Amino acid sequence: MIHTIGIDIGSGAVKTTLFRSDGSSIEWLAKRCERIRRRDPMELARQGFDEVLEEARLAPADIAYTATTGEGENVKFATGHFYSMTTHARGGVYLVPEARAVCDIGALNGRAIYIDERGKVLSYKMTSQCASGSGQFLENIARYLGVAVEEIGALSKTSKNPEKVSSICAVLAETDVINMVSRGIATQDILKGIHLSMASRLAKLLKVTGITKGMVLLTGGLALDAGLLAALQEELVTEKITGLTARNHPDSIYAGAIGAALWGAFRHGRLAELQSRVAA
Amino acid sequence: MAVADIVARCGNLFEDLSFSAVRDWKAAAPGRKAVGYMPIYVPRELIHAAGMLPVGIFGGGDQLEVIQGDAYYQSYICRIPRSTIELGLTGRLDLLDGMLFPSICDVIRNLSGMWQILFKDKYVRYFDVPQNYQDSVGGAFYVNELRVLRDELAKLAGRAVSDDDLRKSIAVYNDNRRAIDELYDYRAKKPWQAPTAEVYLVLRAGLVLPVEEHSKLVREYLAAADAEPRARRDNARVVLTGAFCEQPPLNLIKSIEMAGCYIVDDDFMLCFRWLLGDVPLEGDPLENLSKAFLHHSASTASKYDVHKEDKGKPLVQSVKHYGAEGVIFAAPSFCDPALLERPMLQGVLKKHGIPYTAFKYAENTGQMAPIREQAGTFADSIKLWSAV
Amino acid sequence: MSTQTVNTAALGGAKPKAPVQKEDAMLLQKEMINRNYHELATARQTGRKVSATFVPGNLNELLMCFDFARSLPETNALQNGLRKKSGKMIMDAERDGHSEDVCTYVKADLGMMLQGQVGPTGEPLPTPDVLLLSYTGCFTFMKWFELIRQKYDCETVMLHVPYQGDGHINKNMRDYVVKQINENVIPTLERVSGVKFDIDRLRGYMRESVKSEENLVNVLQSAKHRPSPIDGYFGAVYYIGPIFTAFRGMPEATQFYDVLWQEVQERMRLGKGPVTPEGEIAEEQYRLVVEGPPNWTSFREFWKMFSDEGAVVVASTYAKVGGVYDFGFRHDPEHPIESLAEYCLGCYTNLNFPQRIDMICKYLDEYQADGLLINSIKSCNSFSAGQLLILREVEKRTGKPAAFIETDLVDPRYFSAANVKNRLESYFQMVKAKRVAAAAAH
Amino acid sequence: MRCFIGIDLGSTTTKAVVIGEDRKVLGRGITNSRSNYDTAATVAKQEALVSARFELFRQALAKSGALNGKLDEFIGQLERDFRLEQFLEQLADLEATCLRNAEGTRFGEAAAGVKQALTELFRRLRDDSPALFIPNAKRKSDFFRDLAGAQYLALGEAVAKDAGVRYDMLLNVFDRSIIEVENREYGDAISRNLLAAMDRTLKAMPEAASRAEKIRAPIQGVLEMALEETYVVGTGYGRARLPFSKEHIRSEILCHGLGAHMMYPRTATVLDIGGQDTKAIQVDPHGIVESFQMNDRCAAGCGRYLGYIADEMNMGLHELGPLAMKATKTVRINSTCTVFAGAELRDRLSLGEKREDIMAGLHRAIILRAMSILARSGGVRDEFTFTGGVAKNEAAVKSLRELVRENYGEVTLNINPDSIYTGALGGATFAWRAVLEEGKTAEART
C-alpha cells in the first residue's frame, strides 16, 4: 500500500490530490484547489502539499511519489513530472470510466484528448498559440459584465438569442463585447455567445483528434461551467457529431492532479520493480 | 578537440549574424566571392566549381530583432523571408556577391523578385527546378537551367567553369554527404551521445564553412562525441519532419529533447542531404546532377509526387530505418507547403500504425511551454504504454 | 442595352432593401455559370468525363477537344463564398485536419467534398476523372490536387509551368511546357476521355477565343474614359467569368463579350458610370487601381464601401489572373500548342515582382487613377507575399498614394468590415484632403 | 463663448478637447471608455468643459491679481478638491448601488452580513479618500473605476474577514455595481461640487481665505458665462457609434495627423500607440496625411498589452514604466500577444530573470512592433511625434528613442504631456475649421 500526491499547477489554479493505492484498489484521501490570484504558484504547491498531508494525517515521509503536472516541471520536492494531457487522460477515466475523450479547458489553452478505456492517450490537439477564446477571456468578460465566475453557467443557459463574438483576437473580442453591451445585448446572450464560440473551438479540437463516438468528459477549471457544457452539447448536435455525448464531473477540476497521483503510483511500482531486478 | 569545444565553435558560427566566417574566408585571398542561397536545395557544386563560397541563408533565428523586415510582410506570412530581408537591409549580407532563390514555395519565389528590386547591384537568380521527372522532359529543362546557372556563375566569378572543375566539386560534395550520413546514422544509433541540439549546430556550420572544412568538422565531432560517455535517458525515439525551410529555434529542439524525445531523423537543412548517395563522376556532370535530382533526391513538401502511392513512403522508410517510435510534425506557422502536406502524411502514418503529433513554430518562438507539453505528452504516451 | 429597371421608390432617401441591380451581361453570365454547373451535375448521366483545373493557366480549349465537362475548383470555392456557404466548408476541412494557416480556397473545396460534393447551385458535383494540375504561379495548386488525389484517387496530370524569375519567357521554358503538353498532358487526356486528339479542333476553339479576348480587352480598357463606364475590379469579376473559366473558346463566350462590349459602349456614349448592386454610381469621386483578389464572402458589402464614396476601380490586376491580354497576347490558332504554353507562362501570377510593379504603375498612369489600393489576401501567398514592397515602389515611382487592407477570399472570419471600412475611409479622406490642398496651391 | 470640441472615442479611454475661437486649447477631459459610448463621450466632454472653466478661472484670477504669486497653488488645490468632491459623490452612489445589489436572494442568509460589511467598507473608503487627493499623491489611475476598485480590493479582504463573509461575495457586488455607477452621468452635480470644493480650498489655504470675496467674484463671473458647444467633431475607434451625423465624424488617422501638426507644426511622422491599435502616419507640412499604416487584426503589442501586464503584476499602469527604467539589462521577449503576456512574464520569472529586466524587454517588444509599422508607413522622418496613451510611459519612450536612433539616426522626437489628446485636438481643429473656414453650422443632434 502506498500514498502518492499529484499536484497540478495551472495558470489559473493549483490543484493537489492525495491517493492511497494498493495493487487492486485506489482510494482518494484528500484534495485542495487554490486559485492563484497573482500569488506564487510554487508557494501554493507547497501549501497544497502540506494541507492534503494534514487532512489525511500523514507525514511527508509517508508519500511514495509526488508527481507534478501542468507548469510544475520545476517543483523541487516532486519525484517526477507528467505532461498534462497524460494526466488529464488518466484522471478522466478515473472520474468517469466510460469517458473516451477528455476536454480540458484551462485558463490559457484548450486541449482535446482522445483516450482508450485505460486512459491511454490515442491522440490529442491543443489550441494554437493565439490565446483567443480561453478561460481567461471568459473570466475577464465576466468581470467586466459584473457576473461572478460561478454564475456564468446558469445565466448563459437562460439565453434565447446568443450573440456570437466574431473577433478571433481575445483583445479585440473584448471590444466586441463592449460594443454589444452598448447595443443593449443582454448579459446572458453575450455569455452564451462566448460559450458557443468556445464550444465550437472545442468541437473542432475533438474532431481533429479523430474520435467519433463515446463520452467526452470536460475537465479543468471551466468544466463546471454548465453553460459551456450545454453549449458544447448543442454544438455537437449542430455539427452532427452525434456519436459524442458530453458531460462533466463535480471533481472535474482535479483531473490533472488525480492523473498525476495515479501515474505516480504506477511509476513507483515500475521503479520498485526495476530496483528489485537490479538487486536480484 | 573536445565535444564541448566543437559545439561551442559551431554555436558561435550559428549566432554570428554578421557572418564573420564568410568575411574571413573572402579576406584570405584577393578576389574571392561568396554566393548566398536559401533553403532547400541549390546545386552548390556549381558555385564551388567557380571557386566561390556557397553560403546558406536560413533566416535570422531568434536573436535577430526584425524591424524593417516586418514592414514587407503581413502577419500571416511565415517568418523566414522577413528575417532574411532584415539581414539584407541591415547590410549583413553585403558580403554576398550574389543570391540564389531556389524553387521552394511562392514566398521564396516572390522574395527573389523583391531582392532584384531592393539590391539592384547584386546578382540575383530564382533557380527553378523541374516538377517533371522524365529525363527527356524535366531533365532536358533542368540541364539547360544548370547550364545557364553555370555560365552566370562563371561570369560572376570571372573564370570559366570546366566539366573537370565541376567533377572535382561533385567529388567534394559526395564526401560531405557521406560525412553527414555517418552523422545521422551515429545519432540514430546513440542519440544520447549526439543530442540533436548539437548535431543541428554541427550541420549549421556547413552553411558558412567551406565544404571541405565542414566534412572534416563533422567527422571530428563524431569522434569526439563518441569518446565522451554521456547519460542515456529513457526517451522516446522520434522522427521530426516539416522543418525543411524556416528553422525552429534551438530552444525548441532542446525542449523536445528535454520533454522526453530523442530525435533520430529530421529534415533540417535538407540542402546537405538533398541528393541521396554519390553523384557519379564519369560522364557529363550536368547530366549527372540532373539525374541525381530527378531520381535520387530527398522527399519534401515542395516536390510533386507523381504517383499517389509515393506520398509518405520516404517518411515511413525513415521511421523504419532509424528505428523511430513516432513522428513529430513541426512546421513553421503559415508554411503552406508543410501544412498542406501534413494531412496526407498523417494519413499514411495512420495506415502504418505509426503514432504522430504535430505543432507549429516560428524561428523566434519564445514560449516553449506548449511545445514541451505536447512533445512531453507524446513521449509519455509512447513510454507509459509501450511496455504494457 | 438597358440596365434592369430599378424600383424607383427605393432609390431616394432611406433605402432599406434596394433590389440588386444588374446589367444584361451580368445576368447572361450568371446563366452561363449555372448551365455549366448543371452540365457537371449531369455529366455522369450524359456519359461525359469530368476534368478539373485551375483558372491561371487553364487549358480550356484543350480540354474541350476531349469533350470533358469542366470544373474549376477555384471558381467553385468563390461561388460558394459569394453564396456564403464557404465558412462552414472551411471549418469542416479544418476539423478534418487542415491547418488554419493555409489557403482557404483549398479548404473550401475539400470541405465541399466532405459535405457530399454539393456544388454552389445546390446540384451535386461529380468527382473529376482527371485533374489537370497546371502549376502556374501558385505552389498551392500542386498540394491542392495532391490532396484531392489522395482522398478521391483521381488521376492527375502535372503541367509544370516555370516561373518568370527574371521577367522573361525563354525558349527553354517554352520547350519544357510544350513538351509536357505533347508528351504528358495530351496522352493522359486521350486515355482518360477515350477521345483522340485533333489539333484542328483545337485551332477552331482558339479562333473563338481570340474574338472574346479582343472584346474583353475593349471592355476593360473602356475604364480609361471619364467617367469610367465600368468598375474594373468588382464589375470586372463578372466580365472575366466566362473567359477565365469553362467558356473560353465557346461561341457562348463570344456572344457574351459582344453583348457586353455593346452595353459598355452605350454607357460610354451616355456618359454613365458603372452599375453596382446598389445602383449606378452618380458621380465618380475617386479612380483607383486595385491589386489583389477580392473578398467573396462579403462581396456586396465590400463593393458598397467603394460605391458609397463614389470610388471606381479603373483597373485591377485581378482581372488578369486568367490571362494577361491587354499587352497583346492572344491565343494563336496557327501555333496552338506553343500559344497554350505562352499563355500559361504569361499569367499574372507567373510574373515576377518587377513585372507586376511595372504593370501597376502603367495602369495608374494610363487610367489616370488617383491611387493604388492593395487588398491583401490572407490565403494567397502567391499574390500577397511581398505586396508591401509593391506598395512602396509604386508610391515611390508614381507619387500617388497607396493604401493597404487585409481580407480573405472565402473565409468570413477574416473579413472585418469595421476594420476595412476604417482604412478605406481614411484613405479616401486622405486622397481628398490632398486634392484640396493641391488645388489650393495652384 | 464659442467652443469647438473634438471627442476621441478610444478603445480604452475617451478624450475630449475644447478649443476657443483663437484655436487655443481651453480644456481637456478624459475618462475610460465604457460599455456606454454615449456616456463616455458625454463624460469626457463634461470633463473637458470643466477643465476649460478652470483655465478660465486662472485667466480671470490672473487678471484680477487677487492671488498674486499663489495662483498656481490655488488652482491646483481647487482642482484636487473638486476631484475629491466628485469622487465622494460617486462613492456615495456606489455604496447605495452596492447595498441595493446585495439585497434579494443572491446571497441568501449571508445578505445581512454582506450589507454590514459593505457599510463598514465604505466607511473606510470614505475616510481614506482625501489622502488620494493630497498634493503629490501617487494615484494608480485617474478614473473612478480604477481608484475605487483598487481601494475596495485592498480593504475588502480584511473587512470581509472581520465580518465573517466571503470575500468573493464582496467582489461580486462590486463588479456588478461599478458598471451601473460608471454609466451614470454627474453633469448636474458639477456646479455644486465646484462650490463645495471652493469652500474646502479656502479652508485649506487660510491666507487666501482672507481675500475670499476678491477670489469668488471672478470665479462666479466665469461660472455664469455660457460655454457654447458650437461644433463637435467625433473621431476614434468607436466613432461610428457616436450619435453624430457623418459630417461630424473624421477618421482617426486624419485627426491624429492634424492634432500632431497643431502641437508641433514641423511634424512629419506621427506614431500613435493606443489601447488596441498602433498607427504610423506621415503628414505633409500642412498637417495633411500622406500615408499611414495600422496594425492588422491582431492587437499584439498595443497599449492593452501593458494593461494585461499591469494586472498580472498587480500594479498600476503608471508604475510599469518606472519599474522598467530600473532595468540593468533587457530580456528578449518575442511574443507580443497581449493575452499571453502574463504567461510570458511568468515564464521569464521562473527562469530567474528580474522583474525590471523583463519589463524592459516587454516595453522594447512593444516598440519593436511599432517600429515595424513605422517602417511600413515609410519610416521615421524629422520631426517625429509620439502620441497616444503609451507615450506617457517613459520606458516605452526610452526604447523608442533608442530604436529610432539606431535605425534612422538623429531626429527630433516630440512628446507632449498631453499627447493622449492628440486625436481629440485634431477633431477640435476640424470643428473649428468647419465653422470658421467652411462656414458650417452644427447640425441638430439626433
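Think of it as A, B, C and D in the order they're written, each chain with its own count starting at 1.
To be clear about the criterion, contacts are C-beta pairs under 8 Å (C-beta built on N, C-alpha and C of every residue); 3 or more make two chains touch, one makes a residue touch a chain.
The shown structure was predicted, so the numbers you read here are calculated from the model rather than taken from an experiment.
Inter-chain contacts peak for the pair B-C. Centre-to-centre separation between subunit B and subunit C, using Cα means, comes to 36 Å. The distance from the centre of subunit A to the centre of subunit B, with each centre set as the mean of the Cα atoms, comes to 39 Å. Centroids of subunit A and subunit C (each the mean of its C-alpha atoms) stand 48 Å apart.
Shared interface positions of subunit C, defined as residues touching 2 or more other chains, are 96-97, 388, 406, 416.
In subunit D, the positions touching at least two other chains are 296-298, 335, 340, 343, 376.
In subunit A, the positions touching at least two other chains are 71, 128-129, 167-168. Chain-to-chain contact here is organised exhaustively, every possible pair of chains being in touch.
Contact residues on subunit A toward subunit B in their complex (touch as defined above): 71, 73, 82-86, 109, 118, 120-121, 123-124, 126, 128-129, 263, 266.
Every residue of subunit B that touches subunit D in the complex is listed here, in rising order: 62-63, 65-72, 74-75, 364-369. Only residues 240, 250-254, 284, 286, 288-294, 296-297, 376, 378 of subunit D touch subunit C when the two sit together in their complex. Those residues of subunit B lying in contact with subunit C across their complex are 71-74, 76-77, 81, 101, 103, 105-107, 109-114, 116-118, 125-128, 130-132, 134, 136-138, 140-141, 144-145, 148, 301-302, 304-306, 308, 311, 331, 333-337, 339-344, 346-347, 360.
Chain contact summary for the complex, subunit D toward subunit A: residues 11, 33-38, 168, 171-172, 175-179, 237-238, 241, 276, 297-299, 302, 304, 312-314, 335, 337-340, 342-343, 346, 350.
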